[in-house]
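In order of appearance the chains are A, B, C and D, and numbering begins at 1 in each one.
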Amino acid sequence: MVTVEFLGPIGLEDMHVEASTLGDVARILQNDERVSAWLATSAVAVNDELTSNLSKPLKNGDKVSLLPPVCGG
Amino acid sequence: MVTVEFLGPIGLEDMHVEASTLGDVARILQNDERVSAWLATSAVAVNDELTSNLSKPLKNGDKVSLLPPVCGG
Amino acid sequence: MVEIFEGSLPVEAILARWYGASLGRNEGAFIPFVGTVRAEGGIEALSFDIYEPILARWYEAWQTKAAALGARLAMAHSRGDVPVHTSSYIAAVFSPKRRVALELIDAFVEDFKAQAPIWKYDIIDGKRIYARERSTALVGSGILGGTQ
Amino acid sequence: MVEIFEGSLPVEAILARWYGASLGRNEGAFIPFVGTVRAEGGIEALSFDIYEPILARWYEAWQTKAAALGARLAMAHSRGDVPVHTSSYIAAVFSPKRRVALELIDAFVEDFKAQAPIWKYDIIDGKRIYARERSTALVGSGILGGTQ
């Protein structure tokens, strides 16, 4: 199981999903209408490190974070 | 008579000279060895306005200021 | 690390503390950028979410970049509500060299606006509304939605 | 007008005062540049002469330039001796817009270093020595020495 967390304005509780790559996470989230609209503009971190590699392998206990568009200051 | 003042590190008392243009002031100062070495690097103001016009007419009571190289801050 | 405050920043105290701590370091130039909430669009306040773990990594990367130039950074940011005419962030550069300091504060503030994991909301009539149209997608965004 | 202080600047008080006065003005960005005397070359202090009438004209021209961009400037500078590890000047920009503020503080500080009628001296062993090699001739210099 990996934990998926939704940062900032996405406003969803953490999800716990079976996934061996980020690609698996993508397929799950694309089919969830509460979050699918955020995917095109959100960045992804695995264990707090930003990544753009969809084939990145995931292991049990990993944390995947979705970061929607930012605006500090 | 015009007053010539020497700012910053030049360190001379004001001079009072007869001059009808800045060119007249230039000739007087070029012949004064206390100040001649400063002329090549100093800017000139007439009545506190910087000028680079040597034929600028001067009238009685005008103030000519010499400003050597600056370094604020 | 980035200093995070609940609500508006105590700007005078932060500036005094950072300035005081820099005096013995022979740094020469200190440039803080102070950001204050403007009254516009009928807002009462801005409000901020911060994700600290990734903010810390972003900030450490910038400290490393600054150190390579002989410079140093400091940063403070608000979490939660920040009323208009109070301040939500300060980014600062310390450097022995003027040019380094002026170029670094520009690059640091711009990258902060584009890349720091902070989300902004308008508070209007007591409601907290995501400032979507003023927000910027992080570099590398969209990989999870690639097939749609 | 430029605020002139005898000796070191009370930096914390100046920053607090300028910041406080800006809050009601909806300016958004406040960027002060604080210059502190570095210990180098065996100096005990720097020392400054200022010619106020021409400094005032230079500064008013900059305020006009800033106003055309919707921005505002402030400046403080020391006269006389400023010991190492204390501060001799602050130049600041206030603006509703971040880009305007960042570009203006850079241009203002650089022009100040090159054009303001201020003369710097090193204090070494109690002697006041003109910092000739770090000084810059004003634009238009040399007209009186043209024929030599």
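Rule of thumb we're sticking to: a residue touches a chain if its C-beta (ideal position, glycine included) is under 8 Å from a C-beta of that chain, and two chains touch if they have at least 3 such contacts.
Fair warning: this is a prediction, and the values are worked out from it, not measured in the lab.
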### Message
Return the chains shared as contacts by chain B and chain C, ordered by label.
### Response
D
## Note on the structure
So, in whole Å, the Cα centroid of chain A is separated from that of chain D by 50
### Message
I'd like to verify one number: the distance from the centre of chain B to the centre of chain D, where each centre is the average of its C-alpha atoms, in whole angstrom.
### Response
24
### Message
So the centre of each chain is just the mean of its C-alpha atoms; given that, what is the distance between chain C and chain D in Å?
### Response
26
### Message
Two or more other chains touching the same residue: where does that happen in chain A?
### Response
73
### Message
Residues touching two or more other chains, restricted to chain C: which are they?
### Response
35, 98, 109, 113
### Query
Which of the chains touch, listed as pairs?
A-C, B-D, C-D
### Residue ranges of chain C in contact with chain D within the complex
11-12, 15-16, 19-20, 22-24, 26-40, 85-86, 96, 98, 101-102, 105-106, 109-110, 113
### Summary
Residue positions on chain C within touch of chain A in the complex are 35, 48-49, 51, 53-54, 57, 77, 88-89, 109, 112-121, 130-132, 134-148
### Task
Within their complex, state which residues of chain B touch chain D.
7-9, 22, 25-26, 29-30, 36, 39-45, 48-54, 65-73
